[in-house]
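Have a look at these structures, which come just after this line.
Same chain, two partners: subunit A is paired with subunit B first, then with subunit C.
Up next is the complex of A and B:
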């Protein structure tokens, strides 16, 4: 299945590599190599990355795929657009509405069936 | 004291014959309404009903029987001697006994028998009425057996009589007994479409109370309120109490606790409802949390970053409103402008390649795919033109609904032309589904779209209704179709269609 917008943001190569969309090709190669080495050595800091959608696991495969994507200038332009929001910028969760008061016994009370699952 | 049964019966029979004669036309032919009594209970009035005299005679004889039987029991002082009197009493009020004794006990077959014995409440509404009582009894069982459900269903579907409101309610209750609550809601809600003559108060009340208690069980208090305010449903003490509870839980200041207690005192099952009423009374009335707007993006973000922030905030909402989705789409439209195009050109030069237009097109496609599904079925609170990012989704959804509506209508029309009949309940299911698709089509569009949707149904559905009426003798369903079309034609100012459907809806049931 083709990933949708939210998957594309969560898996954006810039977030995977921990780089800003303005990073140069040299920075990209250096950061990618560094992350691959860290992952091979099992460094804890390299095991996850942040996106505005939260924390995600980082794998060697994901790092290699991210580097490959950003080497292609055509693909890179799309990723730059989708990584416009800094990875550190989290989006506040929806406010939790007060739970509705349910009356699962109502059908039973008025003679319209057994008690519903609460 | 001896009850003067003979004299009373004679007076009643003479009065009914006189009434029957008076109902004939001047040329001596009976009114068309009297002819097809077996078709539905709405086919004739009480005075035109030739069986009414027999019913009264039967009831009076039973009344005498009860009087004599109970007198015998008292005279002999033996409990067994009350047996004949009790039996006569049951036969005098079988529907009531079925409703208050057999239904709550979950005794479906006895409830059915009681309905069947009824000469007053369900006399012209069989097997719908007895099946309603039986299905209602099944709903009381924690795990009704498939065989019992099939038995009641068989009674309904094997009947040659026209489908009436009672049968539809019975069908809905059977769906509830099977655990298909969504289906039950659709069937029970549809009873409101029937003419009250074929869906009398006792039938609609069962449907309304089931729907209201179901909504209360799920905590959908706005729906409870809507149901209790809808004039299609008859009033009842249960509905009044539920409506009052809904008011309080929807954040209304009224009724006060004293008012709530008053409605509770009028309602049935006070002992069982007291705890919940007390719980609601103890809660301070508080306005329902309205759908809160999206959070403001932090300062310093550029256009695409702001739009991304709002899109992610929107996605985190459990039920985003149409206006919120449209607002996010507008933010994107503003962000994906000429400034961004120029920036992308500069970036492409720095990166050593890349097509800004292609990149923007790809992002637009992703946004259309992401925002479209977030749009609710009804575009409420949206003013002005839709931004292109969501317009495509709305157009696609509308096209699919119109295509579905047209296909369904054509299928029904072709079936009518080929005389391919479905069982009566399946015909009603087809009408219900068609109406649902029609309403969904209207909810997405403008008045012009509503007219377009109506034009798909306008002629074919009236012909289908006429076929149901004339060929299938399913007059109550046909009448509901005509009434639906009439209401819609009036709303859209289609005088010709309104006139035709009004005339059709006025035909005998």
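Up next is the complex of A and C:
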């Protein structure tokens, strides 16, 4: 499943963890483990986070995934770039979820060319 | 009762098991009554049904081979019971493993004076779900109240990381055991241990060395004594077991000596009785075992390359497992990889030590719960039980119950250091930072105060944090997903996803499920593997809902909400909810490694051979030399598979599993070759997809979507140039998804989709319903009512039939 743009911005690990893109490795670990603790105890404050697209629910899985992303220096770099988008920028409303292609022939209509394996 | 926490780790090995205990400062090895740190994973049952485990049982392998069993770890999760004729009993692999665990548990009790209730048990990184769940079951049978599983390479890494302070950079753990090989690439930085990746071979280990050496001895015997002997002959099984033991002893001796003899007087091998006296030299071992050693090194190189590293960039290599003491292996590693071998670490017990450290990091204290309950106001606490952080956070919350409660809290360390005093907020919760002393257990006491400033007892009253390494969440070793009726996999968790994890998707049923009908089954196959096609992945479990369990009949296209959850040790649970009735099903019907009969395997072998022939013809025709080479290698592997099938006919179920996996892997290789030869076609498809999507994206997408689209297109280009089939497919999916999102904003999109669906009316699963929908759609078209057109089209999609062949390949899934 490839996340769309909306998810990519909303789920940026820096937003999920509430950290600045300049946060150090230690801060990342400290903040992540604190958030996990808070979520396990159902702290109200921890249940949501903000991105430029608004407020989103925060789950333990999302925190774990965000920590894993930022621990990898190469992947962290990408997220740093995206998190640096100015928060004021006007962003469109969430696009309608793109439906999966359910009709077997739909790819052809979409101009995908012949349906193929793989 | 011991005052200090005690953390127990167990390495439940194929050949040998070991246990270690960590007290927050030091790791201690658990010893058997004979004073050794290893317990052979061997179990004997005598006629009276009494059990012998470990070294004593190993000695009986010789004398009473029929009632003495080893290597059952390799059968974990297969549900296959092993015979103990003297006791007239059959025991499952997990029951045998439980006996080994009981023996280790008794040793812990003997040495530390308490019966451990909780422990961490290590499992190979490539263990699949059924194997892991059998391991948990073994622990339960052995009397453990709770266990967590840890992957063996992570355990070794943790132990190596703990022992050598301040190690930095990338390094590798090379674990060659009795039956499995694991290579893991790791990195330590600022006290954080990160698993970068792993690779391995579930069917490579010391016993393969034994096999080639046994073959050598048999050949020598054939030559000198004029008899024909083959390892696959079932009549020789008993004698071969004896010979294998002697050969293994010789192999171990040759680690120290230059030459030795394999001596077995009056060995009964089928119809022959032979006096075996064969000289074996270290050079023989070197010559015969080098190909196997090289196979393991090739895996290391592949792992490094996958992560863009050269062997030269490794700061060190940690060796784990019995065969890694062999001179041939150490020499080859240095020759081929040129890295320094880490020393001072015990290859035989490192895994157990790491498991004990992990128990500390999971806060899994082995001590049984105290008989005397603490008194006081109850509070939930959360904190990292082990961390590299010198000032971690402690978070707590009062349990809601009547009675006096504290308004503030302070944490006091055993040596008198005190945290700030924090108030409880309106939720009854607090967050406090504490200072911890390096490389030590830090015990803290909770001090609560009531509104009038009086002290109030809290429960628990104490907790401790060990300062050391922070271990990242264990990564999932294989991608896990659900097979769909079109032979695709809906991925729930990617390989490397941090555990624990949970994910929910909605699916639709491909056909009706009739209430009350037992034969009417909704089948949700759960698969593991790295392929988009379900038939290339391994079926690891299935959730089945029968019609007679249903509250109401479900028409085709009914929504099912499926949640898969994995705990830290990779144990799976699943939950399916029928959306319309909110009925929930949770039982995973099948959690077994699928059986592999020699007949089915033979059929598979035949089919694969045919496929190789076809591909070779095509490769010759197109002059693809690289393919011809690769097909040559495949043929060689097929030879091995054939030998394993032979051994499977002789009753070796492990060989059957090995053959099965071999065939699956070959299948995947062939698919790749196939994909490779279709690369031009894929490229063409890429061009058309990109041009189709660009026109839509430029008109209907947001600026951000356009930016992502540019990124995806750049990715397509890059993958195309590097000829990376999988990456290209992944990028194409992105392109299509973005194009698709834009497409649906096009005013003509839904009418077009509707027309298409309507033109397939005759093949719909529920014709009357489909006809009605088409009529509704036509009317909506006339009115220009897009909302209705969309709804109707989506409903029509649900009535489209599943392709029978694809469905069968998709492990008979009922979902799309």
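Side notes on the structure shown:
Definition applied: the second predicted complex is superposed on the first by the 84 of 118 C-alpha atoms of A that agree within 3 Å, B and C clash if a C-alpha of one lies under 4 Å from a C-alpha of the other, contacts with A are read in each partner's own complex, and residues count from 1 in each chain.
One rule holds for everything that comes next: a residue touches a chain if its C-beta (ideal position, glycine included) is under 8 Å from a C-beta of that chain, and two chains touch if they have at least 3 such contacts.
If you're wondering where the values come from, they're calculated on a predicted model, not measured in any experiment.
By the touch criterion stated above, A:52 is placed in contact with subunit B alone, subunit C being left untouched. Using the contact criterion defined above for the overlaid structures, shared-chain residue A:9 touches subunit B and also reaches subunit C. Of the two partner chains placed around the shared chain by superposition, subunit C is the only one that A:30 touches, whereas subunit B remains out of contact.
Legend: residue contacts after superposition of the two complexes on their common chain; A:40 is shown touching subunit C, with no touch to subunit B.
In the superposition on chain A, contact of A:81 is made with subunit B only, not with subunit C. In the superposition on chain A, the residues of subunit A touched by subunit B in one structure and by subunit C in the other are 4-5, 8-9, 25, 91-92, 95, 98-99, 101-106, 109-114, 116.
Subunit A meets subunit B in the complex at residues 4-6, 8-9, 25, 52-53, 73-74, 76-78, 80-82, 84-86, 89, 91-95, 97-114, 116. By the touch rule above, subunit A contacts subunit C in their complex via residues 1-2, 4-5, 8-9, 25-26, 29-30, 33-34, 36-38, 40-44, 60-61, 64-65, 67-68, 71-72, 91-92, 95-96, 98-99, 101-106, 109-114, 116-118. Interface residues of subunit B, counted against subunit A in their complex, comprise 103-104, 136, 139-142, 176, 209-210, 213-214, 216-221, 238, 242, 245, 249, 268-269, 272-273, 276, 279-280, 283, 286, 289, 292, 295, 298, 301-302, 304-305, 307-309, 311-313, 315-318, 340, 344, 347-348, 351-356, 358-360, 362-363, 366-367, 369-370.
Listing the residues of subunit C that touch subunit A in their complex gives 189-190, 192, 194, 380, 382-384, 387-389, 391-397, 427, 429, 431, 470, 472-473, 475, 486, 490-491, 496-503, 532-533, 671, 675, 678, 681-682, 684-685, 688-689, 692, 702, 704-705, 707-708, 725, 729-730, 733-734, 736-741, 743-745, 752-753, 756-757, 760, 794, 796-798, 800, 803, 816.
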